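I've put the structures underneath this note.
Two complexes follow with subunit A in common, the first pairing it with subunit B and the second with subunit C.
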Partner chain A sequence: MTIEISIRNVCMEFPGADGVKHVLDNISYDVQEHHFVSIVGPSGVGKTTLLRLLTGLMPPTSGEIHVSGQRISGPPKGLAVVLQDYTRSLMPWLTVEKNIALTLRKQKLGRANMRERIESSLEEVGLAGTGKSYPWQLSGGMQQRASIARALATRPDILVMDEPFASVDAQTRFDLEDLVLKVRDDFGITTVMVTHDIDEAVYLSDEIVVLHGKPAQVRDVVTVDIPFPRSQMATRNNPHFAELRTHVYAMVRGLE
Partner chain B sequence: MHSVDVLRRVPPWIISTLVALLVWQLVATVGPAAESSIPTASEAVLALVRMLGEGATWLAVWETIQMAGLGFIIAVLIAIPVGVLIGLSSFAFRSTKFTFDFFKVIPPIVIIPITILVFGPSLQMGIFLVVFAIVFALAIQTAYGVRDVDPVLLETMRCYRQGVLRQIWYARLPSAGPFIAVGIRIAAAAALIVAVVAGLIGGAPGLGRELLLTQAGGQSDQTFAIVLLLGILGVLVSRGIGWAQRRVIFWTAS
Partner chain C sequence: MRMWRWLLAIVIGAWLPLLLVWWWWTASAESTNPFFPPLELIWTRFQELWLFAEWPTHVLPSLRNLAFGYAIGVVVGVGGGALLGSSRTASRYVEPVVDFLRSIPPVATVPVFIIFFGLDASMRIAAIAVAATFPILISTIQGVRATDPTLLATASVFRLSPSQTLWRVRLPAAMPIVFSGLQVGLQIAFVVTIASEYLGSGFGIGAFTLIAADSFLILDAWTGVLLMGLLGYAIATAFDIVERISLRWYFGQKKLA
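The block that comes next holds the complex of A and B.
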């Protein structure tokens, strides 16, 4: 297996009014190509900070992050993001298809290819025919599908998601979870997701990285050895699923 | 059909206008102002109808609109680009805010003597006053809007490797839209007021000067007719801006 993302001895400190805040301490972890990896941990542990380092939005205080063998110094090529707050990451003044088109400009696709790319992405997420709508005309779940479509349209190698399903209702959440698994299979995307929801992490992931402590360290890396394809009913009823979620839950809570 | 039903079909603004005119009429005939020189509502309305038949009135309206309009357009053309530039840089924002706030609160009236010395009681003077009255507040408002852009949106664009210029054009400017719209609404009303004041105090041509002349000539019915006319103009301007606003920044309604 090839390593897609390599996190090497990453530390992160933020200067603050009451001295330096040490958030991440010597984090090392490799994400395999095509894997689905979840980052879990207690609130405020630094999950999102680690994710922001992966996207190249800010550099780590020390340590290195490599994507496809290259050390990153900004958002790397082939990276797509889906954030929790879809209302803030989609532009309300552009239609769904123009939101998608905006991120495709760098790819120099030409008109017809661009159209095709947008439509097929919308179709992939079950939003065919809504390209002319504005995001605020769609439901929350549909808006999050639109952000996923935007991510897919760029044909990314890596998809980074920050609590992507935290703001949608439970039913929609299950649908979207299955959608990202399908997308991962269809496109072979390497996916890294931050989530609070341990069930969700177990259901979706190949591996779960548990962060714990202040500053945060990698407490454990849990391999989810439940075969794919997974299904909301069968997988969640699997006794091994229950074991894994109990194990991860205990570690996040610091009970183990 | 019931008379109540008929009443319901009448737009509320017509009812309130009629009530206001009726109160005015009573105050000026039997009420506290019966002995004063204040004309009755009917006299003012009749004077207005008469004046609308005269070319001079329309010329004065045109001069006022020209003054307010040109001043407004010039101010917008200066304030929005300047506001955007200031808003883009924290240093520029912090260093200009004091100066702009300072100029923002100077009432245009106090610089009328200077402007008369420079321009004379002319259209140019009025335009200058209008620009002065609104350009600073509008620039600050624009700068605030540009700074108000959602950081999540900018980070999303950065993750998708969108350059700084595209971030400005596609994210910062539209984000500033609602702020600019509020500024423009206030500016348009202020432009009209200042254009009238420029005539009333500074002798610039237009409805303001007509107010001054009719008042000096003791034609109080005409003075009040002009006030009515200004009121109508104000409503039309405000409606027009509101209409345009709903179309340009359509996304804020929902």
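The block that comes next holds the complex of A and C.
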């Protein structure tokens, strides 16, 4: 297995009114290629901060992050994001297909290829034929599908998701979970997701990174040894699923 | 159904203006006061002058000045505002000057422009442009600065270049705020269009009205005032339509929210 993302001794501090706020303390972790990794932890622990470092939106105070063997100093090539707040991440003045086209401008695809890329991405997420709609005309679940399609259209090696299903209803959440697993298989994408939903983390992941403490440290890395393909009914009824979620829950709450 | 609602809206909006016109018409019908002639006479004179005999001499020059001046104001205001709004350093240098210049009442600048440009149309266009620029500039700076950080993070991760981020994300996102500046700018531009004709001009609606009043052609002066009101109203309505069309996404989104 090759390492896709390498986080090495990363510390993060924010200057604040009452002194320096130390958020992440010496985080080290490697994400294997094609793996699905979830980052969990109590709210406010610094999950999203770690994600912003991974996506190159800000540099760590110390330590290094390597993506595909390259040390990053800004948003790396071949990385796409899906954020929780789809209403503020899709551009409301552009139709769904123009939203996708905007992120493809860098790739200089040519008209026909661009069309094909947009349409196949929409099809992949079950949104074929909605390209001409504006995001706000779609339901929450469909908007999140649209942002997944936008991410896929760039043909990323890495997909980073920040609480992607936190704002959709439970039924839709199950559908979208299965969608991201399908997408991972279809494209062989390495996926890193921040979530506060432990069941979701266990259901989707190969590995779960538990952050805990102030400043946050990697408290545990849990390998989810439940075979793929997973299914909402069978996997969630697996006794081992229950064991793992209990373990992760205890870790997150600092009970173990 | 939609048609009926439309008609209803027109009836609701129109009853008061109609009532006022009727009241003006009847109250002034017997008037012998030379300063307040009967509306009927004003209307007759209005038709002689403004439907559309005097358009080439007086209306079209005013509208042309307004169009050129406002267009310059829009380009400078939106372009400059986009750049200043997205660069903290640039705005720190320029903002004090902008704040000072915009504090000068627009109409008061006309005499200064006469010094630079003389008394021809270029002076009027420059004064209109400067007056229109500031509200547009200020609202564009504010709008661009207020871009949602989530949109910016998205643009950044998808590796849009700084200029793509500015013109394709920040500026479109700012459009609802920019449009409020465009509206104020248009109102001020119209005021300056008329006021700039009060000095050294024989042509234009403002010049016509002022000269008529000075020459005791009271009826003509009244038609000029009436015409300015109607033109102002027509311009504002046209602006509303353009805004509705350009910001369809914004109003559509608000209606659903």
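Criterion: the second predicted complex is superposed on the first by the 256 of 256 C-alpha atoms of A that agree within 3 Å, B and C clash if a C-alpha of one lies under 4 Å from a C-alpha of the other, contacts with A are read in each partner's own complex, and residues count from 1 in each chain.
Here is the rule we go by: contacts are C-beta pairs under 8 Å (C-beta built on N, C-alpha and C of every residue); 3 or more make two chains touch, one makes a residue touch a chain.
None of these values were measured; they are calculated from a predicted model.
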Are subunit B and subunit C a fit on subunit A, or do they clash, once the structures share the same frame?
clash
Touched partner set for A:Met91, first subunit B, second subunit C, both or neither
both
Should A:Thr130 be classified as contacting the first partner (subunit B), the second (subunit C), both, or neither?
neither
After superposition on the shared chain, which partner residues are touched by A:Thr235: those of subunit B (first), subunit C (second), both, or neither?
neither
Name the contact category of A:Val81: first (subunit B only), second (subunit C only), both, or neither.
both
Quick check on the output: what are the common subunit A residues between the subunit B footprint and the subunit C footprint?
55-57, 75, 77, 79-81, 83, 85, 88-89, 91-94, 102-103, 105-106, 134, 136-137, 154, 160
How about subunit C: which of its residues touch subunit A in the complex?
148, 150-151, 153-154, 156-160, 164, 168-169, 172-173, 175, 249-250, 252-253, 256
Subunit B residues touching subunit A in their complex are 150, 152-153, 155-156, 158-162, 166, 170-171, 174, 177, 249-252, 254
Subunit A to subunit B touching residues, read off their complex:
55-57, 74-75, 77, 79-81, 83, 85, 88-89, 91-94, 102-103, 105-106, 134, 136-137, 154, 160
What part of subunit A is in contact with subunit C in the complex they form?
52, 55-57, 75, 77, 79-81, 83, 85, 88-89, 91-94, 102-103, 105-106, 134, 136-137, 154, 160
